[in-house]
Each structure stands twice: as structure tokens, then as C-alpha cells.
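Chain nomenclature is as follows: A, B, C and D, assigned in order of appearance, with residue numbering initiated at 1 for each chain independently.
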Amino acid sequence: MNTIGRLFRLTTFGESHGTAIGGILDGCPAGLQVDCEQVQLELRRRSEGESLSYNGQPLQLGTPRREEDEVEWLSGILDGETIGSPIAFMVRNRDARSADYSPLQHTLRAGHADYTWLQKYGLRDWRSGGRASARETAARVVAGAIAKQWLGLRQIHIQACTATIGSYPITSPLSETTFKALQQHIEAQSSLGGTVRCTIDNLPPGVGEPLFDKLSARLAAAVMSIPSTSAFAIGDGFEASKMCRQEYVDNWAASAQPEAHSTRFPPRLSTTTNHCGGIQGGLSNGMPITFTVGFHPICSARQGMTGFDLSTHNTEVIDLPSARFDLCQVPRAVVIVEAMAALTVADLMMEALAHTSLNPHAVFHQSL
Amino acid sequence: MNTIGRLFRLTTFGESHGTAIGGILDGCPAGLQVDCEQVQLELRRRSEGESLSYNGQPLQLGTPRREEDEVEWLSGILDGETIGSPIAFMVRNRDARSADYSPLQHTLRAGHADYTWLQKYGLRDWRSGGRASARETAARVVAGAIAKQWLGLRQIHIQACTATIGSYPITSPLSETTFKALQQHIEAQSSLGGTVRCTIDNLPPGVGEPLFDKLSARLAAAVMSIPSTSAFAIGDGFEASKMCRQEYVDNWAASAQPEAHSTRFPPRLSTTTNHCGGIQGGLSNGMPITFTVGFHPICSARQGMTGFDLSTHNTEVIDLPSARFDLCQVPRAVVIVEAMAALTVADLMMEALAHTSLNPHAVFHQSL
Amino acid sequence: MNTIGRLFRLTTFGESHGTAIGGILDGCPAGLQVDCEQVQLELRRRSEGESLSYNGQPLQLGTPRREEDEVEWLSGILDGETIGSPIAFMVRNRDARSADYSPLQHTLRAGHADYTWLQKYGLRDWRSGGRASARETAARVVAGAIAKQWLGLRQIHIQACTATIGSYPITSPLSETTFKALQQHIEAQSSLGGTVRCTIDNLPPGVGEPLFDKLSARLAAAVMSIPSTSAFAIGDGFEASKMCRQEYVDNWAASAQPEAHSTRFPPRLSTTTNHCGGIQGGLSNGMPITFTVGFHPICSARQGMTGFDLSTHNTEVIDLPSARFDLCQVPRAVVIVEAMAALTVADLMMEALAHTSLNPHAVFHQSL
Amino acid sequence: MNTIGRLFRLTTFGESHGTAIGGILDGCPAGLQVDCEQVQLELRRRSEGESLSYNGQPLQLGTPRREEDEVEWLSGILDGETIGSPIAFMVRNRDARSADYSPLQHTLRAGHADYTWLQKYGLRDWRSGGRASARETAARVVAGAIAKQWLGLRQIHIQACTATIGSYPITSPLSETTFKALQQHIEAQSSLGGTVRCTIDNLPPGVGEPLFDKLSARLAAAVMSIPSTSAFAIGDGFEASKMCRQEYVDNWAASAQPEAHSTRFPPRLSTTTNHCGGIQGGLSNGMPITFTVGFHPICSARQGMTGFDLSTHNTEVIDLPSARFDLCQVPRAVVIVEAMAALTVADLMMEALAHTSLNPHAVFHQSL
């Protein structure tokens, strides 16, 4: 099942070392002017990662594999405008050096999907993980960039950033302590996990479905489908589980739009705090949506990885001296998190439009 | 969208103070002997909550609303056996005292779904939250109980428990410190959040889909659709984000079944640790699946709740002297978390069966 | 898979001789005033069948089984109005006399689903076909009645009628020839097939999706899911396959609304003929949608049916002297065809609303 | 919605005169050896159409546009074998001469999708119909060819042929009368409709879902999504509607496999006739599946077509002297019908596998 979304749907394809990765974005409304350069910039954000530096010195956490990912548009856009038919695109894999991975042909790496794929499918693409590689997220970023442009027309903006790496809080610029600590990790070639924090601004109230498709549930599924994620929190997340009611509850602020109400329909309200992360009963409440994603450290390394050898049936050390890995994937995941949030929100907005556009009492449609 | 699952699908209905809540479980295989008494026991677990006590003294954290929830089976079962057609069931709402909630008719409670429903639909069921009430989870528990029975035939078992309430770790029996602290909260009528930890044992490798329907993503969506959840973690969760690779990676143990392999298919492996919670690349790896769910404190109280008054346009205090609320919903949520996990796993197992049953190299089907 | 529709979704349940049949209609917009008496009238149309008579004398083609089907509303409606949550309903089976069918317990009837169910599920509900009985269509009629009411608010009307029974054209009133011929069939207890013709008036242009979800394809699937259907035709159907282009093509009439156009958006057009049945490229074109459904004769009879005896392994004659069957199901199918058309159109309209509501160049939303 | 299928899913993309058409086939089991040359042969069958001739003289009914359609495989196949990840492919549009269609830029052709697209989307791709062109069916043929190969491993074979063109029955070789009559139509450049008959052999009993996803309903939807279809019939189709029960019912033949039965599970049966087209209660019964598809004449012609002119607001004659059209699309549609049947059957077989693989009483899985 390589499809996400019900009305604004992305289906992706491609293995890390195959011909190309890409996707079909189906359900994007007609008449959207697509800024293709902006899409390329998003791909570059994915390729280079969020820039982290101290005193002008950048941290180099990402893989040296630097593909100049270039989108080829195959359908759905005519004269720069979407025409209602599916938008197909692909990004060729240019910098794949499969030979670097030949030791993996008979080895199941610890911490990777090699074993589970082999169990499930009876075979696997051993060339750097095939479909299990995070290379596939480039397709998500392309589609997410289009979703963002559609949302941007309604002033809905999505912005994520690296919140922590290992146990270090990430600020811009970095503190000296953090910079030095992370440099040590880079020198030790010891990969680290971290967290991404994301905010969605200006989402109108009413996005999400009340039961199984709560906005929180759909965001959770979308970001937990990103490789190497391990946790998801909406608003205060696990911290909220330690609170009592009085600490947690978000009280209403005085209404700013008293004139807008009717006997049936209330004025637009806001809350004085936002512990709930902008979601109540699974629906957006008009406040910023805030969530956090946890990533575990990636399990790859040039030296010291172990794997199960299918010939000898022993666990052995694998050296991949020329392979290229991220030491910390988190700065590169920032734009991927944004993309998944954008796809989710666009899809749920369309669902809300479907059900409320003809309802004279619901103002969802008018508020856009 | 009140449906969850693609092949093992639950659609639910019902408002808290309507005629009944219930659902249709579609896609349950024919020939399953349904233990209806066991289903009733699961409903009782939901009604009473996990029993927490110290020195024989029980904590009373749940609502005094005590419905004797009784399942009426409407279709799909003949002579105690499923027949392949949809299983419809309902539980009547007997103990609904809507009058207790009449102050809510013109008030939007802080921390609740009142405002977001009204914004989305232009109206709402003010009688105790209607569909937004956790009352709807009774339908999930009924369907989850059937899923568990189907999984149980394959020795797949799901077990959850309360891990924390507020900042207190929950043990069985409770420590004296925890018991006393929680008793104080009960006396102060100050509701608390908490966490539930859940384990799925004996799931064969290969359950989950590699991309958007990773087992972790689907579990996240399923449990984050439970009311008042705020966070989800697989395996070590956010703790994993603080680790470096060497601390996190789960190495292979020596293989226990060397004779079972072929040139194409590997022996069954296990790992020496389980930081990843039994999921690699989105697929189960044969180790126990472990995850944690965070719940924020419920925002209801007999006294001291505030709300936005639709007549006066002021925020006012709401007293509901006869209404009944949980002081902590977490012990009652234990069986709901299990139900959502069971529905998710059953659905993804069917998807795996569909794609691997005729694949001679995949052993998924034979391992059940 | 007992669900139809993506946004306006019906899931049904129930066996012919079980407790009840019913369903959950999910996705119906909030704020619809439901006329429950009208729903009952539709059920009566299904129960009694379209009235066919000559000179005041009615034909009696339907089963004498006369259940006073009464809808019990379980959720989703408050004070007569939909509230956005799923509408659950059921109709109890009151007049089921399972004992009449006991000869079927060990027999697989020719022309029925007994054998195919047993092959698929390893068991079956032998009581009058269980889920395979047309009794399940009562749930479709209830949901279809609600869909019609929602469509009716937009002046979209759906009307079907019996077009032929056997090889006889059906008029109102019947011709003497047809009446006498059909009376003979009734006396001979020899069941007959027939056709239903259906028209959807005032559907705006643009309903349907261009590729796999063409309006014609979705209508075909919806009506071919009705028991005992054998063919579907849109517009001129198979007659169109015999035509040449000049006979078939529907030319544009002079435009009636020249003032409505813009440089980008055309005036509303109509065609001088309607061979295509109101659908071009899978989308409605604003003309009446016309389609025809073929039904084969039902294979049941009190006398002379044959079946495969599971004990003797012989084909044997089955006598069911007290069982009750339709001699021709077609007049009763009229309202079922309407219901399936209504559910399909409502669903596709919501899909169109989702994708066009924010498109300033598309006028679909404004035209409703 | 450019996706068909639930478990064996095809999503397609591409406009007639865009860069490429193609698709993603998701859910194809791993381990299938793909015969890519066979796929090319199927594309050639689509390009050239079924060969119809009399006395060695071929009829030339198709468009002279002769693209050497060549599949580029983008993912999902490694060393000639499917690996469980999505199979993406594309076929470049090489022979698109958009300039030939420039008169259409401001004209809405009668009988085409120009008007309905414009109404729905507020814009359209005027270059030969864009997505509405039958060019998109090349992607269906590629995916259908893979589905056929998967089915072929289970000895399930699908074969279609042209049954009629206009009112002429098509035989191989053609009769002199038919040949001469069709030659006259070719000379008059007057396009004709026709019918395709299709048979699916060796499908095991139990394929299809009993209610909304009946095999007949899903086949109807699949083939009615092919451009220019107007009718669908299963088995005897509309002829069945004229029959009485005794003429229609398919009686059981003596069982061929008496030893295979158990108390619970019956022997494999067959019927002496096949009026029902191999489907009972929506499920395959083990007999050949037979169905017929009606196509209306295509509405294009080099001379004499009319259209609504968006500038003048008049209906005017359009001459497209260099454009290329089929005079009868039916021989080229044969392989498209087969492809849609194959995709449908493969999808429903997977659904059956999902629900019966662990049911010891159901033999569906073992029969493959």
C-alpha cells in the first residue's frame, strides 16, 4: 500500500538504487499555479538538511551523497497550471553506487529492514535497502511542496525545525556546548537520534474527522510512516499525561469577533494556552497545530555494524568503507515532516469541503 | 469517516445519550467460534477499568455511571459461528441522564469538542458530547474482542496495562506513596492523565506494509483515535531520540532454528534487545511489539469547569453537580488500547495474507 | 466488503432470517431535515412493488411475504435533523418462517448462491439464502431515501419504472395483451425477468470522475450489485453499438444562457438529442441521465426447483410448498434501482465538491 | 480518482499529448517473473487492433497514428522478478502532433468530453482530449498484462474478441457480406460502434464479494470505465430479462469429483448450461465467466464534426484534415477489455485469499 490520502492522494514508487523514485499526486484541484522552482528548493532542503551552525561554523551531519535531485514532470500540469488530472513526476537516481553495498547481498543488517523484508516477500532489494531506504522520501517532498502551495493560497503555513539532537536542544545559532558535543559525535562517527517540532498556522476550525480520522490520528500515521521515527506527540504530548486538569485545560480567551455569530453559529474563539496543540475532539480549533516527532538514531555506519550472514549463519561485523550515511538524519527530516503534514491537512480539508460546502450553517467553506 | 481498517473493517455509530452505540465488523473470516461471554467480559473491563489497589484497598478513579453494557448481536453469527457476512451489534444506552447536562445546551466547554463540532457542522449534540464522548469506545471494545479471539487462535496475544497516572508509576499492587498521592487527587476531584503500555506477543515477522502503512504508523493512528490521547511511542519512543547508534541498535541473537532456512529464505531470527519495539522498516520482526500511549487529563469536572456562553458571549463557570466523570480515564482505556491494537494487527495480517499466500518463497502464511 | 461509496458511504448488515437488517450511512452532511415518513413510504414501495394494472385489475407478481418494515433509527438524527455523525438504522425481520426452508439445509439450489457461498466460506446460512437474499436491499432503500432527500434539496430527482417484463413492454395502464400474457405466467407460477429504466433529472454538469470512477462506471457497479441483475446500459446502450457516428452523436443546441459565460468558462449548453444518456467522458453533461437495468428471472419456485443434495450427491427436485417468492421481482426493484442511483450520485457530488469548492474557475459548487 | 482496485491497485497518469502516459501497479505479489516482451506484445495488440480479414484482405479500421509504444520500467522489478514494491512504468508519447488539433482550442466538440471537463475543472487540455483520450488505456494494458501473467500461473486465462461491428456479426474470417459492408463504411469515413465478448476460464469458485463488490458489479465498473462504452452484460444479459425461469436456470451437472467432499464441504460442481455467465450471488461458480461490452461509435471525424465555438457562441463545423481517428475502436478495445478483466479478477482473488487463507473449511486457497 504505497498510497496515502483519500481525496488528495499520493502514490509513490522507486527503490534507492533503481532507475528513479517518483509518484502520482491525484486529486489536486485544477487551476493551481505550480511554482516548480519552489519544489526544487524543497528537494534541496531535503538534500542538504536544515542548516545548523555555531559562530558561522556549520555542522556536517548528513550523507555526503549529494544528488542534484531534479524533478521531471510527466503529467497533470499544462502551462504551469494543474489541470485536474493526476500529477506524475519522477526524480532519477544518479548517484547510486550499488557496488558499495555488495557486502550486503548475503547479510541481514542489525537494526534494518533486511530481515523483515526477506521474511515477508521471500526476497529483497539488497542495494542499500531498496524501497526501505529513506531515498523514497524525495517523492513525499515533491508532493508535499505542491500541497503547501495549495494551502499557502489559504494562508495556511507549515513550518518545522530540529528541536533536539541526542539529548541536546537545538537553537539557532547553536550554543557552544551543543556545537562542541555534536562535533565529538561526528568525529566518533556515532549516529544520533533527535526530534522535529512542527507548527501549522492558520488552519481554520473543523479540519479532521471526529472518530477514526482525527486530525491528530492522521498526523500521527503520516509522520510515523517516515523512516526511523519512534514517537509522536500532539501539543504537550507525554508531558500532558503528567498534568492534572487545571494545569492542562486550555481556557477560552474573550471572543475577538462578537459580531460574527448567529443564534446557531458561534463567534470565532481562541484559547489562552495551547496545551492541546490546536486539536479538540480530533478537529482543529483554529489555534496553531503543534506536534513533535521522535527519530531514533539510524543504524548504519561504515564501521562496526553487525549483520546476520546468510551463508555462515553467524552474526558478523560488516565494513562498508565507501558507503555514505547520515550521522543524524533529523535536520534532513524537517522538510519531510512538513511534507507529510501538508499532505494530511490538504486531504482532510478536502474531506471537510465535501461535507460542508452545501451546509448553510457550517462556515468552514466560507472561512477559506 | 467512522470506519477503520481495509480488510478487517469496523464501522461504528452512536451518540453518548442516543438510543444505542454499536457497529458493523466487516471482513471477519467465516468459521470463527465467537465467545460472546468473553466479549461481555471485555466490556466489563472497559466499564470498571483496570483494578488498582494498595493493601486490598481499591482506588476509585472511574465514573460512577455504571451501565450494564449488554451486546445485542444483530447479524453475522449463526449458531455461535461467524458466517462471513458482516457482524452487526449494538449496546443500548440505559443510564443516560441527559437532564444532568442541560447547562451545556448553550455553553461551549473549555477543553472539549463543543466548539470544534459547532464550527464544523453548524450544530452539535449537547447531551454529554454526543459522538465526541468516549462512550463510543464500547463499540471498539466489542469489535476488538472478536479480533482478539481470531488472533488468539494463532497464539497472538495483546496485553496492556496502566503504566503511569500523573507522574506516578503504577505497579501491582500500588506502592503506598502512589496510593496516598492518588487518593489526595480523588479527594480534590482533580482529574489526571497517564500512560498505557501495550505488548503484542507472538506476531509473526512481516506484518505491516513498508511505506505508508507501516505497522508503527497504523498502530499510531489507531490509538491516537482514542479520545483524550496526546502521544504515541513505539519501543523506546522519545528515549530513542536521545540515544546514539550503539545504545539503540538491536543486534541479532544466535539463530534458534538453523534447520529451517533455504538458500532463499532465512532462519527465524531474534534480537538480544528490543529498543525498536518489534518493528523494523515498518514490518514486525517476530519480537514482541511494545508501545506506549499518552493520555491528557480529561477536562470535565463537576465544579470549576469553564465554558463560553453562547447567549452572553462570556466565559463562565459551569457547575454540573449531578454529572458523572472519570477522575482518570487511563485504567478504563487499557482495554480500548488493546482493542485498537487487535483491530490494526488483524487488518494488516489479512493484507499480508492477500499478498503472500501464493508466494512460495514467503513463509508468512505457513507460520500461522 | 459491505460498504459502497467513498464520501457518502453505506455499510449494510443482516441476513434474511436473522434478527434484523440495517446499515450505517456515514458522511451524510449535517443539517438535513430527514422526513422519516417518506423513508417509510419508500420501504413500502419496495415491499409492494410498482403497481401494474389493467382496467383497474392489479397484477400480483410479488411475494405474499408482507413485512410491515419499520425503520428503527439508532443514531445520527437529533430532533429530526442529521448531526454529522453516522446514521444507523435497522429493520427487524418479523415475518421470517425459517422452517419453510428446512429442505434447503442439505441442498444446494440450482441458480442460487448456495454453492458459491459454501465454496467460499465453508459454510452458509441456509435459511432462505441468508445474506444472499434480496431482503438485504431494504437497507439500501432506507439509505437511498435519505440520499434522495439530500439531492432533492438541489432539485435533483431520480425516477425509475418497470420498462419490460419478459418480452412485454410495460405501460401504465397495461395493454390488454400484456395483462393477459402476464396473468398466464402468474397462473403457471413461472417467474419472469424484465428491465427497469431510470432517469436522473437536473444533475449539474461535472459529476463523475474522468477515469475509473466515471459516472457511468459507478452507476453500473451500483446497480449490478442488486441481486438478480444481468445487464446495464447507459443512454442507448447496446443499440448505440449498432449505430454509425451520424446517428449517435448528440449535437449542441443553441445556448440558452449566453450571458453566463466568461473568457474561461462556457455558457451552459444542452444537446438536441440524448443518445449518450447525459454522460460524456464519464462526467454528467447537464442533460437527464438515463440508464436501463436488466434482471434475469428469479430461480425460485414452490415446485420444480432442482438442487444438489449434499447427502445423496444427486440432483433432486425440491418442493417448498409454503415458501414465498416473487414471480417477477422487477416492479419491486424499481425503488432499489433509484436508491442505488441516489447513493452513487450523492457520493460523486461530494467528491466533486471536495475538488472544486475552492476553484474560482469551476462553477460546480455555485450551480447547486 | 485515477486508481482502480483495493489490493491489486493500478493508478495511472498521463495526457494524450503530454510527455508520457504510465502508471503504478501496487500490490502485485513478490516473486513473479515478469515477461516484458509479452507486455510489449499486448501493447502491440492495442496499437494494431484485433486482425479482421476476408480472403486474406485486412480491414483497416484503426487510426494511422502508430506509436511504437515502448514500456520503460521505473521500479518494482529486479532481475526480471517483482520484489513486492510498486511497479512503476511509463510509455512516452512520441507521435503526438498537437498542432493538428489547434482548431479545438476554442471549440467544444459534440459528443466529446470537452464541455464536461471545462464545466468541472474550469479548464481543459485541448490537445486531442488530454486525459479524456483513449490514449490513457495503454497504461491499463501494461498493468493488465502483468495481472494476466500472475493469473496465468494459476491457469486462469482471459480472452476477448470483437463480437459485432455496427449490426454485423464478426467471424474469423469475416463473411463476404460483412467485409463488403464494412469496407463501405471505411470509404464513407463513417465510424461505427460494436461489441466485445470476453471469457475468463478456470476461475475457481468463490471469487467476488457477496454484496456491493459482486464479481459482476466489479467487472461492470471496470469495463464501463473504458472510454466510449455504453453497455455491459453478464452471461445472457438483456436476453435473460426476456426469459422465464425454466429457460434461464442453470441446472447442476452430475458431480465429477464425488470423493472430494466432506460433511461440511461439497464436491466441485458444474452446470449443464451457463446462462448466468459463471456468477451466482455475485461469486464465481467455477464455470467460464462470460460477458459482453457495448461501445458506441466514436464521435470524431476529419470532416463533418460539429462543435460549440467559445468565441462566436455558435455551433460550427470543425474540419481536422490531418487528425487521425479510428473508424471503429472495437478491435483495439479487445485487449483493453481483457486488461480490465484481469485487473478486476486479480484484485478480487487477493481479497478472497485474505479472508479465506486461514479458514480450514474454505478450500479457495488450496484450489489455486
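Quick note on the criterion: a contact is a pair of C-beta atoms (placed from the backbone, for glycine too) under 8 Å apart; a residue touches a chain by one contact, two chains touch by 3 or more.
Bear in mind that the values here come from a model prediction, so they are computed numbers and not experimental data.
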| query | How would the chain A/chain D interface be labelled, same or different, where same requires over half of its residue numbers to be shared? | reply | same
| remark: With centres defined as the mean of Cα atoms, the chain at greatest distance from chain A is chain C
| field | Interchain centroid distance [CA atoms averaged], chain C/chain D, Å | value | 25
| query | How many angstrom lie between the CA centroids of chain A and chain D, rounded to a whole number? | reply | 38
| request: Let me have the rounded angstrom distance from the C-alpha centre of chain B over to the C-alpha centre of chain D, please. | output: 44
| message | Can you list every residue of chain A that touches 2 or more other chains, as numbers and ranges? | response | 1-3, 6, 12, 27, 30-31, 84-85, 117, 120-123, 131, 210, 351, 356, 359-362
| query | Across the complex, what residues on chain D touch chain A? | reply | 1-3, 9, 11-15, 18-24, 26-27, 30-31, 72-76, 78, 81, 83-88, 90, 117, 120-125, 130-131
| message | Can you tell me which positions in chain C touch chain D when the two form their complex? | response | 1-4, 6, 12, 108, 110-113, 115-123, 129, 131-132, 136, 164, 166-167, 185, 190-195, 204-206, 209-214, 216-218, 220-222, 224-225, 227, 229-238, 240-252, 254-255, 258, 261, 264-267, 269, 271, 275-277, 280-286, 294-299, 301, 304, 306-308, 310, 313, 315, 351-352, 356, 359-364
| Residues on chain D engaged by chain B in the complex (per definition of touch) | 6-7, 27, 29-31, 84-85, 153-154, 210, 350-351, 353-362, 365, 368
